[in-house]
Structure formats: C-alpha cells, structure tokens
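Labels for the chains are A, B, C, D, E and F, by order of writing; each one numbers its residues from 1.
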Amino acid sequence: MTKGITQRAVGETVDEFLLIKQSVKGVTTTGNPFISLVLQDKSGDIEAKLWDTKDEQEKIFAAETIVRVGGEIHNYRGKNQLRIKSIRPAKPEENQSISDLMPSSEKSTDELLEEVMKYLFEMENPQIQRITRFMLKKYQQQFLTFPAATRNHHDYVSGLADHVVSMLKLGKALVEIYPGLNKDLLFAGIILHDIGKVIELSGPIATTYTVEGNLIGHISIMVTEVAKAAEELEIEGEEVMLLQHIILSHHGKEEWGSPKKPMLKEAEILHYIDNIDAKMMMLDRVLGKTKEGEFSERVFALDNRSFYKPKI
Amino acid sequence: MTKGITQRAVGETVDEFLLIKQSVKGVTTTGNPFISLVLQDKSGDIEAKLWDTKDEQEKIFAAETIVRVGGEIHNYRGKNQLRIKSIRPAKPEENQSISDLMPSSEKSTDELLEEVMKYLFEMENPQIQRITRFMLKKYQQQFLTFPAATRNHHDYVSGLADHVVSMLKLGKALVEIYPGLNKDLLFAGIILHDIGKVIELSGPIATTYTVEGNLIGHISIMVTEVAKAAEELEIEGEEVMLLQHIILSHHGKEEWGSPKKPMLKEAEILHYIDNIDAKMMMLDRVLGKTKEGEFSERVFALDNRSFYKPKI
Amino acid sequence: MTKGITQRAVGETVDEFLLIKQSVKGVTTTGNPFISLVLQDKSGDIEAKLWDTKDEQEKIFAAETIVRVGGEIHNYRGKNQLRIKSIRPAKPEENQSISDLMPSSEKSTDELLEEVMKYLFEMENPQIQRITRFMLKKYQQQFLTFPAATRNHHDYVSGLADHVVSMLKLGKALVEIYPGLNKDLLFAGIILHDIGKVIELSGPIATTYTVEGNLIGHISIMVTEVAKAAEELEIEGEEVMLLQHIILSHHGKEEWGSPKKPMLKEAEILHYIDNIDAKMMMLDRVLGKTKEGEFSERVFALDNRSFYKPKI
Amino acid sequence: MTKGITQRAVGETVDEFLLIKQSVKGVTTTGNPFISLVLQDKSGDIEAKLWDTKDEQEKIFAAETIVRVGGEIHNYRGKNQLRIKSIRPAKPEENQSISDLMPSSEKSTDELLEEVMKYLFEMENPQIQRITRFMLKKYQQQFLTFPAATRNHHDYVSGLADHVVSMLKLGKALVEIYPGLNKDLLFAGIILHDIGKVIELSGPIATTYTVEGNLIGHISIMVTEVAKAAEELEIEGEEVMLLQHIILSHHGKEEWGSPKKPMLKEAEILHYIDNIDAKMMMLDRVLGKTKEGEFSERVFALDNRSFYKPKI
Amino acid sequence: MTKGITQRAVGETVDEFLLIKQSVKGVTTTGNPFISLVLQDKSGDIEAKLWDTKDEQEKIFAAETIVRVGGEIHNYRGKNQLRIKSIRPAKPEENQSISDLMPSSEKSTDELLEEVMKYLFEMENPQIQRITRFMLKKYQQQFLTFPAATRNHHDYVSGLADHVVSMLKLGKALVEIYPGLNKDLLFAGIILHDIGKVIELSGPIATTYTVEGNLIGHISIMVTEVAKAAEELEIEGEEVMLLQHIILSHHGKEEWGSPKKPMLKEAEILHYIDNIDAKMMMLDRVLGKTKEGEFSERVFALDNRSFYKPKI
Amino acid sequence: MTKGITQRAVGETVDEFLLIKQSVKGVTTTGNPFISLVLQDKSGDIEAKLWDTKDEQEKIFAAETIVRVGGEIHNYRGKNQLRIKSIRPAKPEENQSISDLMPSSEKSTDELLEEVMKYLFEMENPQIQRITRFMLKKYQQQFLTFPAATRNHHDYVSGLADHVVSMLKLGKALVEIYPGLNKDLLFAGIILHDIGKVIELSGPIATTYTVEGNLIGHISIMVTEVAKAAEELEIEGEEVMLLQHIILSHHGKEEWGSPKKPMLKEAEILHYIDNIDAKMMMLDRVLGKTKEGEFSERVFALDNRSFYKPKI
C-alpha cells in the first residue's frame, strides 16, 4: 500500500488523486491573486498554493472536488507543504470516490453501531435505556458518520462514534474499579453527551459550524432534544432531568460552556473520561510526528505545551 | 399607617402580627436548643431567636406560620434584631392573611399584566409575538406572582413581573435612542428571559431553589420551553433560534452561567438592561438604609462595595 | 451623491481626492522600500501601498496631505484595499479642504453645543452647574471637535461631543425611569467624564496619544482640572469631590484604569451608560458591514466576538 | 458488630472507648477555659467539648490517648457532635489498642504490598523497575501505613497505599484501552509520585505537616530521593530524568505546586488518574452522608460544590 | 523599664494606664450588651471586653480616653487578650499623656525631618527640588506625625515619615549600584508618593479613612496637589508631569489602584522599594512574635502566608 | 575603536568579521529556499538573510561559524537588519576567535570570581559556607561563563556571574538597612539560586534549553544538587533545608515555577533582589535604544509595557 500524503518526506514527488478540503482565494502583498488549498487523502491533509490564478479556477478547484495533482513536498515554516506542478479535476471515468480520500475511523459504521449497542443492552433502567435508544435511532446515520470536532481530535469521518466507543470502554473500566458509579447514567451520558454535534456541525466533509451551532451550541441543542424525546415517549421522572444535567455539565465549568458545573458523581466522572479520551488522541497524534529524544511542536489545545518523546 | 418592622429604631417595642419566613433549629455552643426565626411583614424581614426551645415549639413555629410577637428592637453586629418577649400563633378568628404580611410589588398583578401586554401588542413579527404570548399564557399566574430571585433584588411577591416591566421601559427608551435595535426581539427577550425562574424557584413564599432549578437552571429550562412552544405552535424559522439565543446568553458570559456569549445586538443590550435594573434596586435599597454623608454597609452582590450617600 | 471610499465593491475603479491619514515607510522582505498609506474621505478609511518608493516620496505623501488617486478596489485577507495606479498631491487651485475628507459627526458643532447646553440648563445645583459650565467654556472648541477615541468608536471629528449627547439622552431616560437618581450629578458627570481626552489626544486629525495622555491619562488630567476650576470659582463643598469621584471611577474597575470603583449611584450608572453607547456604535458599525444571515468579522473590543445579523 | 461513632443518630447514647485524635485548649468569650477534642474510632471522627477544664486535664486528655467516654449525640450547625457526660483515660488492664481505634484501609498491609508488587513485576525496563523497587524497600513500612493526606481523601492509616493500588488498577485499564502508553513509566510514576508524603507528613496518627514538608514539599523531596537512588544504584540514562519529571509534574500545573507542567504522555495521564481516584473517594464519602433526593453538604476541595444523590 | 502590654505572657497580671484606641458596643447572642475595647501603650495594642455594660459606660470608655486597668492576660483563639478586672478613666492629677501611650517611630520628628532634608539637599534639578520642598512645607506637621496606613505596616505615629526615610536609604543604595537611575526623580518620588495620606487618613490617633480618602484616594489627591503646587510656583516643563506619573503609578498595577502602570524607570523602581520596605516591616513584626523552629501566624497582607523562623 | 554591529545607523556599510549565532533554513511563500542568519559581535546581534541558497551553503554557514560579511544596514519593520552583499567563512590564517565576537560581561572571569569569593568569606555559618563553596567549586568554570538566560537579560557570556555579583551588592545594602536579615542565608541563596542554569542551558554560545532543562528545570536540579552536596560533605541540620527552600521558592509564586512560595524572610527578599536586578538590565537596555522625549519599543517581559525616556 502506498504512503499517505502526510507521510511523505520533504523532496518526495507526488502524482495522485486528492480531495480539496478547503479552497480560499487570496491576493499577494503585491496584488496577485492565488488560491490556498487544503488537499487530503485517508492519511490526513496538507496545504498547497496555486499562484496567479484566474476567476474560473476558483470554481473548478472548489472544496469537495477530487483532483489529480503532481508536485513535490517541501517544508514551509516547520510544516510540510505540497508544491503543485500540475493539477486537474478528476474525470468521471476515473471512478474516484470522496470517501476513499477522507480520513475516517478504522472501524466501519456497522462495527461502531454494534459496539455502542452492546453498552445500550447493559443498561437496566428502562427509562434511561428508552431515551438513549430513541436518540440513537433518531440521529443514527449522522451519529455514525459525523466527526466529533472540526479540528484537534476525532475530527474525521465517524470521529464522533469513535470517541463515544472509546469513552464507553473507559467508562466500563471505571464502573468495575468504582462500583458505586451508576452504570446506566454513565453509559447513557457518554452516548448522548455529544450527539448535539450532528446539528452543531455541518457534516462529515469540509466541516464547519452551523448558525444554530454557533448561536445555541450542541449542549443546549441536546438538552432540548432529550426533553422532546421524553415528551414523545411519555417518560416522566428524575431520569430525564439527570440525563439533561449530565449533558449540560459535561464541559465541567461555566467558563468552558457548561451552564452548570457537574453536581452528579457520574457527571463529574464523564467530564474526566471525555478529557482523557480527547487528550490521548491529541498526544498520540502529535507524538506520532515527533522523533525520539525530541520535543513535539506546541499543541494549542493542550495549553500550548510541547511534549517530549522518550528514547526508551 | 404604622411603620413596618424594618423601619423601627433600636429600643422601640413591638407588638404585632408577623409571618415566619424561615425557622431553623440550632444548638448553642453549650448544647442548649434554640430556634432562629426570620419574621416578616410588608416592609421586609428581621431576625429573632427563641431560646431554650422544646421539640413541640419547632412544629408550632414553622415557616409560613403567622404569629403574634411582643418584643423590642436591638442591634446585633450592626444589624437590627428583634428580641422576643412573647410569641404565639395567630388564632383563626384574628383573620390574618399571609399576603398582608409579605413584601410585594406596589402594583397589582392586573396592572403588571396590563403593562406587559402593552409591549406585546407593539410587536410586529407574528412568530415572535405568538411564542411570547404562548409562554406568558402558559405560566401567567406564576409569572405574575413569583419573585425574580431568592435575595438581593426583586426578591418579593411579583418581583419577577416588576423586574420585567421596568426592563421593558428601559428597552423602549433604548429603542428610541438607537433605532437600529429590533424592538420585537428586545421586548420578547425581556419578557421571556427569566420566566424559567417559575420552575427554578419554589414559589413566592419562603422561596428556595427546586432540584430542577439547581441541576438544570432557569436558562436551560426556558430554552427547552421555547422549543416546545414552537413545536406546538408549528412555528419554524430563525425567530425561534434567535429567541433561544437571547435567553441563553442573557447572563453575558460563560462564567456567569450563559453557555454562549451574546452574539446578537439585542442579546448584548438585554444583558445590560437586566444588569442596570438589578443594580438600581440594590443601590436604592442599601442607600435607603444609609444616612446622608455616610457610607452604606457593603453589598456582596455589587463586588462587596460600600456606597456613599451624598449630603447634597 | 457619490459613494464613499469604504462603500465601493471589489473591482470598482477609483479616481478622486482623498486625505492621507497615515503614512508609514516600509521595506519588503527582499529589501525594497515602499510606503503604506491609510487614505480617507467622509465615509471612513482604506489601506493602500506605494511600491518601490524613493526618499522624496515620503515627504510628498506625508500624513494630512490631500491627494488625487486613481486605482481599483481589491480584497486582501478579507479586507478591502485600494490598488494605486496614479497618485499626486492636490493642487492649491483645486480648492480641496481637509474637513471635507474627514469622517465627522452628522451634526454641526453648533447643534452639538446646543444639545449639551440644554442639559446644562436643566441642572439645579448651582455649584455643579458652574463647574460644568466653566469646563465646557475652557475647552469648548476642542470639546466640540475632538474624537472620543483613536479607534473602535466615536473616533471621528466631533466624536467626543456626539458620544456625550447620546449619553445625555440615555441619562435622561434613566432619570425618568429611576427618579432616585440625582440628575445634576449624572448630567454633569456625563459632560465632564471624557473632556480630559482633549489633552490626552493630539487632535481631530491623525489622532494619537500625547506624552501627557500616556503618562497621566484623561482621568487624572480631568480630576486635576476640576480641582483647579473649583479653586478659581471659589467653590467649596461636597460637589467638587463628588464630581471628581464620578470622573475617576467612570471606567468601573481598577483594572480598567479607574483608581477607585464607583461608590456613588450616579457613578455606577454613568459607567453603564458609557458602555452601552460605545457598544451600540461598535455593533452598528460592524453589522453595517455584514450580510443578513451571516456572522460579522470578530470585534476585538467586544471580547473578540463575532455577531450574527438576523434575516428577519 | 456495633455501629461506629460516625454512624450514630442524634439522641443516641454513647459509652465506649475512643481515641483522642486532636486536643486543643480554648477559652470561651467570657473567659472560661475548655478543651476541644476530636475523638475517633474505626469509622471516623467526631467533635466534643470539655467545659470548665483545669490545667491538669490538658495533660490527661492529650492527643493519642485512649479514653472511655459516656455521652450523647447532638447536632451543632448541621454536624453531629458528642456531648460528653463522663470521660476518663483507659486503664492498662483494659487492653485497648490505638490501631483498633483508627480508620484504616480495609486491606492489610500485606495485601497492599502484594498488590503493588504485582505491578512492579509487570515492569519490563530494568532501570525503572530497580529504582522503583529501591524506593519501595527504603520506605516500605511508612509507605504501607501513612495516609495520603491530612484530610479530604485517603486521610487514614494505609491511605497512601490504598490510593496507589486504586490508581494502579486504573492505570492498567488505561494501558489496555490506549496501548501507546508506556506501562513501565506509568506504573512506576504511580508508585513513586506520592512517596515523598512519608517525609512531608508526620505519620499515621494525628497527622500534621513536618517543617520539611512545609518548606520543601513531597514533590521536591521525592525528586531528590530518586536522584540519590539512581546514584546509589549507579543507574544512568533517561529513565531517571523521566521518572523525576513524572513526579514533579503530577500536580498538573504550576499554580497547583508542580514546577513544570506534564511534558510526557504518561505524566499527563498520571495527573488525571490521581485526580479521578481522589474525587471518587470524596464523592463517595460525601454522598454516603446524603439522603436520596437531596443535595450533599458543600465540598470545599471540589470547588465548594454540593452534589445531588438521585432517587433512582 | 517595664514590659509593654504586647510583651506580657499568658497569666501575667496587669495594673497600669492604657489608651483606648477603639471602643465598639456589641450585644451577645443572648442579648446582653458589652463593649469591645482595643487598648494600647507604646508597645502596641491588645483586645479586651467589658461585659454587661450600661449606656453611660459607652461614653466614659470612648476612643482616645486614657484608663487605668487591672486584669490578667489570657489566650483567646491563638491571640492574647486582656481580661479586665477593674477599669476607670485616668484622673487629671495623674498627668497621663496620650502620646506616651501610642506606638510611634523610634526617631523624633526633628530627626526624621533632618533625614528627609538631607536627601532634598542632594537633588540637583531645581524644579523637582522646589516642588518637593513646597509640598513638604505645606504638610510638614502632618507628614511628620501621620501613620502610613491604618494597619499592617507603619501604622503608628510618624509611621509615614519612618517609611519615607527607610525608602530613601534604599533608594540611595540603588542609585549607587545602578548609576543610570535619576536620583532627583527617585528621591522626590519617594518623598511625595504617600503625602496624600495626610488627607486620606484622619490623623495619627484612632486612624480611619476620611470620606475624601475613600472617594478620591491618596494617589489622585497628591496628583492634584502637585499640579496646584506647580501652578503656584509657576513651574512648567516635563518635571511636573514626571512627578505626577511617579505618584500615580506607584501601586504598580491598575488592579492595585494605580490608573497607569509605571512607564519610567524610576517609577518602576520606586514601586519595588515601597514593597520591600513594607514587607520587611511586616516580616519583622510577625517573626518577632514567633518562636525559633516554628511557623508564624498567617499574614493576610502577604498572600496569607505563614513564615518559618529558623533555629540557626 | 570601531562601532559594534548594533550601533550602526541605517544606510551605513559593513565589512567585517561576524559570528553566526543562529542559522535557520527557510522557504519563501513562492517556494525559494533561503537562510535566515543571526550575526553577532561584542555589541550584540543583528538579523540577515541569504536568498536563493543551495544545500551546501547550509553547512558552510552553520551556527558558531565566523564569517566575513559585506553589506549595508537597512530597517525592516522597525528593527535594523543587515542586507548581505558578500559573505564567506573566515580563513584560519585570519586568526579570528569566537570569544572576540560574543557579547560578554565587562568583567573578566577572575574579577567575577574574586567578587563572589568576597561574599563567601563574609559568611559566618560554617555549614552554609561549606555547601556554597562546594557548589561554586563543582561548577566554577560554567558558573563563570554561562549566561543567566537565553534572552531578555544577562543573556551573554558570564551573564550568570554578572547577575549574581550585582545581586550580592544589593543584598549587602539591604542587610545594612535591615539588620534583621540573615546575611549568610541571603548571600548563599543569591550565589546558589541560579547555578542550576549551568545544566538547564546548553552553554555560553548559541544558548538553548537542554532536555533536562525543559523537563526538570534549574530549580529542581539545584535542590537535588544541594542535597547531594550535603550528603557528600556529611552536613546535617536545618541549613540544608533552608538553602533548598530559598532555591525552590526564588520565583516567588507557584505560577512562576516555584513549587513553594517563600516562607523565609530571606527567601522573600531574594525574590525581590532577583527581580530588581533583571528589570534594571532590561530597562537600561531598552532605554539605551530610545531617544529622549520618546517612548521605547514594548518590552514583552515587562508586561509588554513601553517606557518613556525623559528629556531632563
């Protein structure tokens, strides 16, 4: 299997199909138009520039277009870039598919769904189980394909489900070590906490925030969704309120966007599980690009820290 | 008309009906039981102690009981207290009513409703008007009688409606000075922003936070209520989202409990109107107890500041 | 009437008189000299570059020079720029005046003065009125022409007086809603609070901070001015101290440059009025450049927020 | 088995042996001497007062003395206290042992040691294993009996080892979910991170901070200890530095007492494991004292939050 | 010479003249009136209570009265108190003088003045010297007798001048080590920076804040005074502005009450000198009450830290 | 003597030997390789660019190479740069030495050592003196040649010793003004506090942080070194702990990297001395580049402040 675009060394030549993830028109300081592209394949993405462009090229090389690109990898301010020598849109007869060119979970959506269902079946409280099942079903297709974020971690096709599955495993381990935890609340909380992202974000490709995502946010969106589900399922009782609380407090603090701090044991723990899973992915990703005995580039989302990769 | 309990000077004697607002059992450092009472009439409340109490007295002198109290005003650590010399529950034939002994708005609920409706009728956007009218109707009775808070400001019967009416006046003045403001969004936002308090708080008497109030909060409660109202009224379109945003951002910052900062002009301004009206009440209240040429007691909710009352 | 320079679309050609607001010499990464200009007319300002410049051009195209410019609007990093094709200083016989090319209040200085005097006449306390009148008279010409700031809001000719008039209207509305406010202190505070800017800033054109502005600041400058005025007018009594306090606390908090937090009701409210008027201008300005259904550019002075312009 | 002293209801009588954990002399506001005692048995501790005491009583009822106490449970400001009716030191012939009257781990020190050794044997890197084994051996007795803190969590005999064992379990679960973690660094870090507490704290009974604990702290103490161990074992290489880094960064942030933020993946994760284990104990403890459907008392070490105990 | 009131051990008897520094009426929890006194002699002050007091006693034992007190030292919550057994006002024929009973500088006002003048004579810039001399002369008597604060440090008769003299010595040492410092600005800044305290505070005895002190503050008061002095002396030029800047920035940061941060080298250094001198006094004072090998009580003004007194 | 490279005016030509302090390869936005050089002589350093470079040039013009450079000074974004016209490595027969081209202390290492020894001899406590002497001897050569930092202040050859000597002078002045200070602790603390830098930093030329410097830091390195020294010298007693505390607390606050706040009088004062000496150097350096009557460039390490250089 050939190496992905992010795995090439400086100086290697490139001649392959790539997907335009982002296309932004610019003007140089001296007034010449150019297009700044982000090109991607399964392995991730890379920046590239098209110089002295014409207006029609903007339309041809728009986001979500598959292109055939020839060029060479070079280094610009510490990061790899692709110097384009030739570029053209893929032809229909070349049979390229967008999904083959997007980073995505290593698991299929079927596998992901099966994993999540396993935890759903472990729940014992029927109200919690019903609400969770209802929400999963209502947004099943998006839940299985959306990313969990636009960048930093789980920012790829099925990233949201990947994140949830990983959190569920961690949740299960904690329930075994600390048997006082309410398994149903914890598992349901994990499954539901980020489903609002399927409304907050635009979709799996070229992901951006929707207007509703910006103005309302996935937390308030989901609190409302749970209320509506309960009404439709005619469920009353504390369970609805507890799930709403776990969702709305999962960012842990008001200044991080939760209108209430966690006031349930399971809400507090879910916040930690969420954090650990996000951090593990960011750490693995940045250390994957770092040589042994050296420090990584700084990671903004981890307090701008640089991490050391040991030689042992 | 006789002076209220909060207007008496140190040394004055008291012999009148008062309402027990709060009743908490305590034990002195040497192990003797006592009851700490908060007694109120129209003018506000005052603390008092019953020493060497018996178990049955706890039941007799519970919150929401009307009592006949004889005693004297004295000063304890800079605040007035009532030294009880005699106390007994009011008799049925004395015809005392709780509402005569509770601080409340100077306006009747009818007047308050009429004032609010005036602004409702000024609205031009039918969706905004319908949602607002629906919510007002659904919670009309509570909206007109609940306080806006448990303490600090508008913490009396009909305090919520009083606060809203005052904010509406200020909103109208601002619309006249800054005609770019959307009157409908601003007025609807003012009317709706705190209605969630009727679920967050327990009621007009001896007000406390409900479990739902603590775990979900009036902001998220109201965002959900607006979503349900829109569904029931079959209203779609940006209006619903805009009203939800104004409600959820009205505390102004994440650390003050808003999951999103204001991102609409009207949301930003509503936050200021809310603040000014609350501060004016706190300032008027504390300066009302201060002599000219002196500094007031410190006000915790105003950064613990002390305010000067000029002699001019 | 022709469209102002800030109202042109990308691609439109330009051929008109403009005023050089700022002129800064630079060198490209490869060592070639250029001049970075900010050009303005009534509508606002726009950036432009002169490439491969000679030393003598620096003198010709200095700040406060009127020039005839030919060129075209293009977009550079999300903001409009003017690509200069021809530029020359205006000739004396072309009779261009600087004031015709500077953004300024929509009201004349006479109108502004008249408005302010209206509020002065409403004052009842003679000491407060005399001090206010004295200060207005001493700095009348500057008060009527200075901006209130170098950027963000009211940063144009007569911006200071515009800001004061708008605040006075808001002050009057508040006095009507909250009759406990002392009208004299509030109006005088509004008129005086920023007059120190006429010493802090360099003037209405190409405004910068003076050395005294940087080292002492408009707040301390004005506190001193009021003390001197009182001495000259032989006014004694609390009024002087109260006005000084309102001036020195009007930024609201120590970390925002006020050596004392507001400790008078009117000082607290003046701080809010000041804030609202500044924010309304910033919001109107940024939303004026935003399309309906979209988010504005980020506004640094509003916590770097981006605002949504509704479609309704 | 009889109920422990912390499990008695208000009004129950007491007649049993208790250990004096703390004894502080005081004077009432009116000048009468008294002794404030903290008395404990296996279940935890309770406050009690001795009134009108004489000087010799201070010596008799000093900390670490076993006493026979008769009395009754009453409630003082929301917390249970013991009202003493009779008190005398235990007689030698009564054969009371201090260790029977102190809260301690449910596991024996042998069990705890065995658990920790299991993880030691799993280590593959010989340097890391040798340093860890050396430190464990050097401080084995204290490591197995010291608390992890003076209060809040794991503040009992063998609390330190309990905390470490629980963290090791959690560490193992994480290594299974995230195989990229270096098991040796993580396990060794967990075992070593708090051993400095055996110098920072005074011992398992009536635990206080030592002078060295206050001035140097367990973090710096342990960094030095690891350096000395490496010197003695003649171990060179990165392992020493990595273990030192994990120890010194385990509080996660400078403001929490770590001179460096975590810069190793395992250091970052250890900080989370430490936090989760401490929080689980605090949450279980406070909710153990809370009724279903109610909120707990506020927990200072958890941002002063109050937690809800669900009814489900 | 007899030991001062602050140097007595617990249990010692007292029979001597003391000055009432503070007298506050209180009521016990059970409603009995008492007076809380702060009594002082040269060595400092101590608390004492008068129980079951009558109204007339309030007048007799008011602040600034000299009394003859008999009693005994006891310890209340870690601090010494005086248990009063007898108390009566001093008789005229007993010839007690207030100044003999107040802590004050060890130097006479003549010595202090002489020291300050020495630095005045070292100044070379005539404008700076003239302004400084003018201010010293205008407030000479108060400058030489006022304290520098109401508590924490230099809170005694002539404390202000003591503080200034000590700072001048430190300033001179710095000028010798760092010859780039402008001696005139530094010495004048030190002499002037706190003179505003003579208006901010009420006087050397029973010191409190004046209304002007609270509303304007010593910083703004002094900036205005310097402006008036310059006007009177007809001094123009940068010196006036530089001195004003040094005064207004001497708290170092906006949040500590300086409307501007230091922007002159000498202003920056003066802030450090001020800090060091205040801290040295607080440290010496608290360690003077601490035994070797022990930690001091916590000092609120030093981040609530506790300091260790070494045995070496 | 010729002017140093940092003292040339824009437009002056250059033809001399310079040392390459830093050499970083780059690529222009259009993909052309270049080398960014930092060149230095005794007076400081200057930036320069080599355009369109080949791979072999990277090796020739590496850091720590002496080169002969011809060119001209120009100004780029407010800072001087050197436009290179010719460049070649120095030839062996040209006898250039690296140390002649590096900024360094004005004092020789012998002078610096002699100064430090003077204070060592003043110490009276033999344990403190022995530990200090031991550490000085162990790292004498590095202590005398290392910088105290990579930038901001004392960032040149022998900067560390320069900083220590200056601090010792200030320490001596303070001991004279405040005789309660323990001279031995203060002098030893000053000498030892930053010696850990000789392990934290890479050396006097082209100084960077070592891996150990990043992961452990000079504070923890030195605390460990003192412990080892004490062991080797068989010194026991409080002195070791006190010196360790002074070292580990010298940054003053946890958030500035000290695991403990100062809890000794001498530790508190050392923190201030350290600060003053660093600030004096930064202030002198930035004001040395500023014209009278103007404001300096902003200094990031001084809260990003700009400082005014008076005309007097």
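Definition applied: a contact is a pair of C-beta atoms (placed from the backbone, for glycine too) under 8 Å apart; a residue touches a chain by one contact, two chains touch by 3 or more.
Chain-to-protein mapping (UniProt): A, B, C, D, E, F = 3'-5' exoribonuclease.
Predicted model only: the values in this text are computed from it and were never measured.
Ranking every chain by how far its Cα centroid lies from the centroid of chain D, the top place goes to C.
More than half of the contact pairs at B-D come back, by residue number, in A-F, the repeat among B-C, E-F or A-F. More C-beta pairs touch across one of A-F and D-F than the other; that pair is D-F. Averaged C-alpha coordinates give centres for chain A and chain D that are 40 Å from one another. Separation between the centroids of chain B and chain E, computed from CA atoms only, is 44 Å. Residue positions 211, 214-215, 242, 245, 263-264, 295, 308 of chain F each touch two or more of the other chains. Pairs of chains meeting the touch criterion: A-B, A-C, A-D, A-F, B-C, B-D, B-E, C-E, C-F, D-E, D-F, E-F. Taken in their complex, chain C has these residues touching chain A: 28, 49, 51, 74-77, 83, 293, 295, 308.
Contact residues of chain C toward chain B in the complex are 125, 166, 169-170, 173-174, 176-178, 180, 182, 185, 237-239, 242, 245, 261-265, 268-269, 272, 275-276, 279-280, 283-284, 287, 295, 302-303, 305-308, 310-312. On the side of chain C, the complex with chain F involves touching residues 26-27, 29-31, 211, 214-215. Of all residues in chain B, only 211-212, 214-217, 219-220, 223-224, 227-228, 231, 241-242, 244-245, 248, 254-260, 263-264 touch chain A in the complex they form.
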